[in-house]
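Next, two complexes with subunit A in common: one pairs it with subunit B, the other with subunit C.
Right, the complex of A and B next:
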């Protein structure tokens, strides 16, 4: 189902204001409640979820680094964000199967909001099954919760925890698989409970 | 390919419609939305944003209004409260502005029916749910302004969670006046780091921010700041071992809890007023929706008994 914009041209829904409003509310909830998984399938048509995250948040005021080359050239004019070196980028898009080899902006003591937001593409997010089982605690979590992630290099989690070790400095992560979204703000304490080769599928 | 090329200017076209859904253009909304996510990720930190001119004076809740307009969609049900009431001039003006600029949304006066609640001076008595978002209007966002005039210095103090001077000031007031004199905007520490100005809510409402099921967003239009108290997050009013934080008391001279003259409630925040005819002091729930709901359940019970 394609939607129409005001002049009648067909547009993928992720570029429409109504969709972006709905997706933003979902993003706001997943970042407020780490461990909550939202499924965006009904909004995406054929777009990858990471593109919908970027479409919802970016415009010409911010910079983006596409570290793993997940975007196509035609995505950039629509996103309007300017390309930036990863060390200076406001937003960073990565394929999480490859370990990070850069240092993102962590913000400053006076302006911790100058930190980067990372969008990490993993292969699957699930409450029960996956290669790495994580325990999450911190603001937004009622007690504690667990989440399983597949298709993420473990170095990401170690690196992320190090980057977030001196609050208020840190980075905020949005993990996406094909259609689902998980928020890991810098305040979330992430512990690896188990690493499983078969993803817990017995 | 051709599809995308044709539609690359879609956001411009949407923004240039006579006025956009939600009054703000999509760029203004995106900036506020990005700030909201930062505010959630750094609980209690005041995220700067470029507050837009609104067709009403700053100080009339434009910070809260811009938040609401950036969040709201056609599937939302909105409640607007001012000092606990849905019917005050301010609340009515804000609500009609939002209704006019957001065709298709629903509005309500009932907390239970709303998923988006914009408020000034009160947090509803009825506990909020996980699917609700509370937007509070804030006139002065920075709790440190009473001890440090320079914003640059305040930002460093906040970053270092250095509140020693604020605590000294608070303690001096207590010694001088033998009581915590701050009845409103009580400084509250979020997630053991940032101290926020809790907005002009009574002390009575401050504990509702702690471990809240609902996300709480605070917006200061004039000062151009957005901050947040995420759900399930520690929100602790500053206090001292010998002077613990306490909420307003509503006991009469004999130590008996005053009740609402209208619904009989003995556990809500009460407003005091003088009855015009009798000259008598009367007390009534400040939260008018809560008062109505109590009154309704009272009459249901009475008719059941009768």
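Right, the complex of A and C next:
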């Protein structure tokens, strides 16, 4: 890479165009196929997955609200997005262990695309094991599929269903754990099948 | 304001550096860059910018057109852990050149090693800029039209017609 040749500077791959193109393709896949889990471990090095999602989606034209303070000050100039109040933000980053206390932008009937996209950091995403077992149905799902999520306050799921109850208004969610991502677009119907205390580990 | 050995104001450093051969700047930077860890505060980028202005008749905004722009913001960290920042924004399509100039900016603004060598290059570039400015001014002066004579000619024509 020329930047490294010239100054010897190290740049994390999540900030490079080639990586971001691959991650964007992956994001499109998980949002088109709700319930699909993509693992980004090979791209991340030491970066958290939520930072890679933000690096891929954000630029200087959009706003971001970091509700739980997951980002460091040095991340902001790299992301280029401007800080915003959560009610007006295009993108919202949250720690999902804490229940939501805000109303994101849901879009308008003429411009539903003006809605916010939520990036929720959870403890783990898995097909079999987790605190909350979800059933997903809707466009992009062949019949129905199940997914288990740990480290998410149940209020998020209830609130998300309420926000998405008047289609085309609603929000799109991207759930991330340390390395995996899961897309929950507003068209997906999410049903809580089971809430376990031990995370499904027997 | 940081202490620096460069007499030229900071706002004119990039303009002056653009008039110096890149290899000369690179040679200076190469000789000192190993003293520092370089990191990017924001990702160097190049692209097209648009400049908006107002027309003088209706005072409505319009875009003059696109121009190339490259930006870079770097941090140099020395062996003692001290960090020095520099940035550059220039009309060019090469973000690596912007990064090189950003390093120059950091060195000059913080009076680091090789500051004086870079200051010499900047003075040389500034001198070239002044020369170019004089040449342009002379060219512009040679194409100037004196419209005051036009009014006098019209009045003479009117007098001729009435006579």
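The working rule: the second predicted complex is superposed on the first by the 194 of 202 C-alpha atoms of A that agree within 3 Å, B and C clash if a C-alpha of one lies under 4 Å from a C-alpha of the other, contacts with A are read in each partner's own complex, and residues count from 1 in each chain.
Everything below uses one rule, namely that a residue touches a chain if its C-beta (ideal position, glycine included) is under 8 Å from a C-beta of that chain, and two chains touch if they have at least 3 such contacts.
Since we're looking at a predicted model, the values are computed, not measured.
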item	value
Subunit B versus subunit C as contact partner of A:186, first or second or both or neither	first
Touched partner set for A:21, first subunit B, second subunit C, both or neither	first
First, second, both or neither for A:140, with subunit B first and subunit C second	first
Which of subunit B and subunit C A:111 touches, first, second, both or neither	first
Touching partner for A:77 - first (subunit B), second (subunit C), both, neither	both
Which superposed partner A:11 touches (first subunit B, second subunit C, both, neither)	both
Shared subunit A contacts, counted only where both subunit B and subunit C touch the same residue	6-7, 9-11, 15, 74, 77-78, 80
Contact footprint of subunit A on subunit C as seen in their complex	33-34, 38-44, 73-74, 95-96, 99-100, 103
Partner subunit B, residues of subunit A touching it in the complex	5-7, 9-12, 15-18, 20-22, 24-25, 27-29, 31-33, 56-62, 74, 77-78, 80, 108-113, 117, 139-142, 167-168, 172, 185-187
Interfacial residue positions of subunit B with respect to subunit A in the complex	1, 3-8, 10-11, 13-14, 17, 20-21, 26-27, 29-31, 33-38, 40-43, 45, 47-48, 71-75, 130, 133, 152, 155-156, 158-160, 191, 193-194, 215, 230-234
Of all residues in subunit A, those that touch subunit C in their complex	2-3, 6-11, 15, 74, 77-78, 80
